[in-house]
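In this document, chain identifiers A, B, C, D and E correspond to the written order of the chains, with residue numbering beginning at 1 in each.
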């Protein structure tokens, strides 16, 4: 089942979760979830609705405290650490919803990403322009973010994260609402970030074709538990995955 | 049953829809395809009465419905599943579904429809008493669609109903659309996933920069080169 | 034991008015996100009208006291509903969901209304005779028949409101409008009308409290303001917009007042009440029954 | 030629104490009318008419200070004919004393008086005048009185009065079982009533509590079956008390009330009282009538000094004789305050009998007796 | 851009001429009127400053009081030098507000509003029950040294104006941007490694230091303070200044404070009608110009850019 796990960039383990667990009252959203993220890879995290993917993001980024299990980031134990500690260690995430500052301009949105560093204003603006041109926002800098077309909003939330100069980028459904050509462009951006900027990417996405194309490795979550893990092809042929997630095609 | 004629809508003077006309026929599934910012959501909102057009008219069963409030449109049988879902966050899943049925007259039929919706989306049944804001992204999307179904509409406007849904659930949505269409409910569908949209649609329009640039049956457009390149890439 | 019963009776008596008053406030807040500082003015209007209608009815029309009181109660509620509809349509309708804007608007209205009451009625306390004279002894606690009636009416009204909110279609619509007006319209809920109903129900509850209170306490043009602060504390403790929360919160504050006032003194009890509220909100910022956003 | 002298009033005109401000303003207007009809004040060959300007001090120090600044600097007021509230009066005093402006007030605090405040005069009786004769009289009526409870509002007046009251009762051999405070604006009094009833004192003294609050407590005490002596030192208005307490107020002693419609009232007072009922809907009381007296004292002092210069007037005021609404009066109090700043008027003890204030006894201060014997 | 710096220069000129006016004015009333207006302007601006992070801070009134009481206590009871007593006011307010913010800023929106309200009332009740600082009677006799006395209004105006410029400066800086971001969606700044709680506390501390200083200045200007002067209603009035002036612009609260303070002075003396008039001014302004007076000015200049949604 877990056949070809050899990835093009099978570097060191940069993030490791051990037996991660999170309960909400009587509901266990994530349970006994162990996985690792390796330096320089693009890892896909997929699973049915309510499987616990966003919850996992909240746990590894410090937005929620785990009810059990441990988390290691770059070899340091960061279980229960604050969002500040984690993002300063290089892990930055985006959000599935409400992923930007809707009442502020695009520039200000991206600027916020640079504020954890002490920089001269000019340096900050340079960073903003660099990130904006990467994400295709260069022409929209003065627009109020909430008025951007949906696709550009998704790119903007990635741009904010990039401005914070992460080493690990966790993207929660970045492709929702994008059309064919736009999806292609976004995937190219991910690839470029990995190759030229050395980023490690954790990708949650329901666009299975995009996941198959972009990811080196995929893990599947179901009812908060690990269901399968392996190369995109292997996972997409996995009976359990088809049953729980992909469904018998149309 | 619904016809849009020369509709123009703008946001603070910036036009978003220019002279848009379209027809929704009896028993049809109509889809609108277009890139980001093309004006699809704007069109849906204008039909639902949320936006006041600068020019142009909307006729429902031959009656001019321009100037009606969204609530009146719902009473006339037109229900919108809005972009961004707009659930009642602190209300339970059950109550959210019940608000969908607010303006129905046939109150005795509500329990049966309630069961049907839960049948479509078993994930919701487990969480009936949870506040909607606690649901996962996809579960919320199911709830939004379910709520619209509870209204038992004549025409349902679906603005990206499959956003954030797992592939298996996307299939469910497609089944639902086909089922309700067969039961005589008209569907106007805006969908990021053009494959699905064109597959389902009996009639399709392509909108670019606020104008309708192409129209035809779903099959025709699916094989149109322009459409293939722009919307069916991946 | 007798002391315990008396303190409990005190709590219920004090709490009954608090609950009625707070329910109206929480409803208006819940539905329209209006922090209505003028809510006390509705209460005052009703109480003042009762104090002037009862003598008029009993002396000029010669009807018996109870009938005069009932007549006055109807008049008071009707007048308050009209004031409510008026201030809603000229003011609040335009600042819905704007917490700070509506807050200030209500302060402006409060100044106007209080000024008007002072100009019309003068500052002197006014009163009406007790409609139900005599005292009742319940398990060793003494209370006046009038207050007992108040507790009973308050309980009935509260129960009715609870059913209205939780069980009826209007209640569902009110709650939906409270959360998202646009979404509510998309479900076919005529939001402006529902918001007006919510506001009027709230005003009627305040009027109800005023009518019930008039034969018990002296009425002055600022009577209502004194309940207002406590009512705010109550609805925050109970969770904004929550009916059960307003009930629990009202009884809780009444208990702090009654027990603290007995064992220490009222001044200390007031201080204790504020400190408890702060402590409480730090532990549970969303109130007893509120949900986290 | 005629000139107009502005007389300032700083009093609460809004909120729960507005009734005092409104009454005071009205009484002052009557005094001014009276003076002007008499041809105004003629000094040094010039005739002056009076005019009243009222400012709302909202019972707060800040507003008091602002009132004073506005009166002094904007309106050029040199005489303040009445001001209520210990906190605002203290705030005004800082300015009036510096700028040499006469300040009449009704503040009950001792802290506003003394030789260091030569421009300040008190226009009604305060605890130091009232308590001794008042409490002694009550003790005489109820010789076996042994225990008492004191209930005070937690405000400046209450805080200044409380120690004096406790001390005076003690000197009369009455034990104080508890001295409790409540905040202004309290609406529910069952808790304190329950407490009082269970302590079961022979007497409850409501010190500086306003009539509505006292009424509420009395009513609750009545329900709980407590029967004892009820004392309201600051009791001004029987109407207000009756309005709330009804029969429960029966028998209460009032220290600052006066029935200005009774036989013992002067003609002037009867007339004023009737007029106030007409205009304001409520009768006058010890506080509100005092601005009338202040203005008459002021007129007398101006004539005596033959000047409208406040500095000269402040020098003659301590020794001036004038006709107050109570009859001939003057200033005294040097024994208590080290400076004769206290208007000398009778201490009237009244009791609620059949819902009416009935005068039981009236005692002129020794100094007033001495004056009239001159 | 030209417009922005032009506006600032106009304000600088206004501030300088106010100071000059206070130095030259022969009638103390107008100088003290200016001091009240500016004190109210600082209160309103500080309230608006915290509105940047989306919170309505009723405790603005409490920190105004803490500044005033710090100055008054050290001046009257301890006899410390004038400048020291004035300096201590903002310091004390800053320190206590840091504590206050750190404890209470976990709550949000109406809940924070109420906690800050309760804190304000608790502090006021504590003053009333503390005899050393005069209980309910408060403290009297804060006079500036003789050498300064005549220039005090000018000094007060200069300090208050400087405070207003400082608040404006903070708002225009990156810090202001961060505050707005927190208001808009605090998850975003958190996700990029910013300490949102710290920033919120900082916002409250800056605003409180400003009102603390205003409190100290007020103590000397008024010469008397009492607990009732620092009740929650002070913050309510400050909000009225903000709303009437227009909250969309830093100049709004200043304008609102000026207008309402002057109206208040003008109507002082019409008794029961004063409230009605004051209330009517508030209601009318809100209804007729929803963006406040500044909003009206901008609309007149056709500059209004209504945000979407």
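One rule holds for everything that comes next: a residue touches a chain if its C-beta (ideal position, glycine included) is under 8 Å from a C-beta of that chain, and two chains touch if they have at least 3 such contacts.
Keep in mind that what you see is a predicted model, and the values were worked out from it rather than measured.
Visitor: Check every other chain and keep only those touching both chain C and chain D; list them.
Guide: E
Visitor: To reach chain C from chain B by way of touching chains, what is the minimum number of steps?
Guide: Contact-graph shortest path, chain B to chain C, evaluates to 1.
Visitor: What is the chain whose Cα centroid lies farthest from the Cα centroid of chain E?
Guide: B
Visitor: Using CA atom averages as chain centres, what separation in Å is found between chain D and chain E?
Guide: 37
Visitor: What is the distance in Å between the mean C-alpha positions of chain C and chain E?
Guide: So the centroids are 32 Å from each other.
Visitor: So the centre of each chain is just the mean of its C-alpha atoms; given that, what is the distance between chain A and chain B in Å?
Guide: The separation of the two C-alpha centroids amounts to 29 Å.
Visitor: Once you find the CA centre of chain A and the CA centre of chain E, what distance in Å lies between them?
Guide: 44
Visitor: Do you know which chain C residues sit against two or more other chains?
Guide: Each of 114-115, 118, 267, 270, 293 in chain C touches at least two other chains.
Visitor: Quick one: which residues in chain B touch 2 or more of the other chains?
Guide: 11
Visitor: By residue number and range, which residues of chain A touch two or more other chains?
Guide: 147
Visitor: Hey, which residues of chain E end up touching chain A in the complex?
Guide: Its residues touching chain A are 174, 177-178, 180-181, 184-185, 187-195, 307-309.
Visitor: Could you please specify the touching residues of chain C with respect to chain B in the complex?
Guide: Going by the criterion above, the answer is residues 169, 172-173, 175-176, 179-180, 182-191, 291, 293.
Visitor: Help me check something: in the complex, which residues belonging to chain D touch chain E?
Guide: 13-14, 18, 21-22, 25, 53-56, 59-62, 64-67, 69-70, 72-74, 86-87, 90-91, 93-95, 109, 111, 154-156, 158-160, 183
Visitor: Using the touch definition from the top, list the residues of chain D that touch chain C in their complex.
Guide: These residues of chain D touch chain C: 14-20, 22, 154, 178, 180-183, 185-192, 194-195, 198, 211-212, 215-216, 223-225, 237, 239-240, 243-244, 246, 280-282.
Visitor: Spell out the residues on chain B that touch chain C in their complex, using ranges where they run on.
Guide: 48, 50, 69-71, 74-75, 79-80, 82, 86-91, 95, 98-100, 102-103, 131, 133, 147, 151
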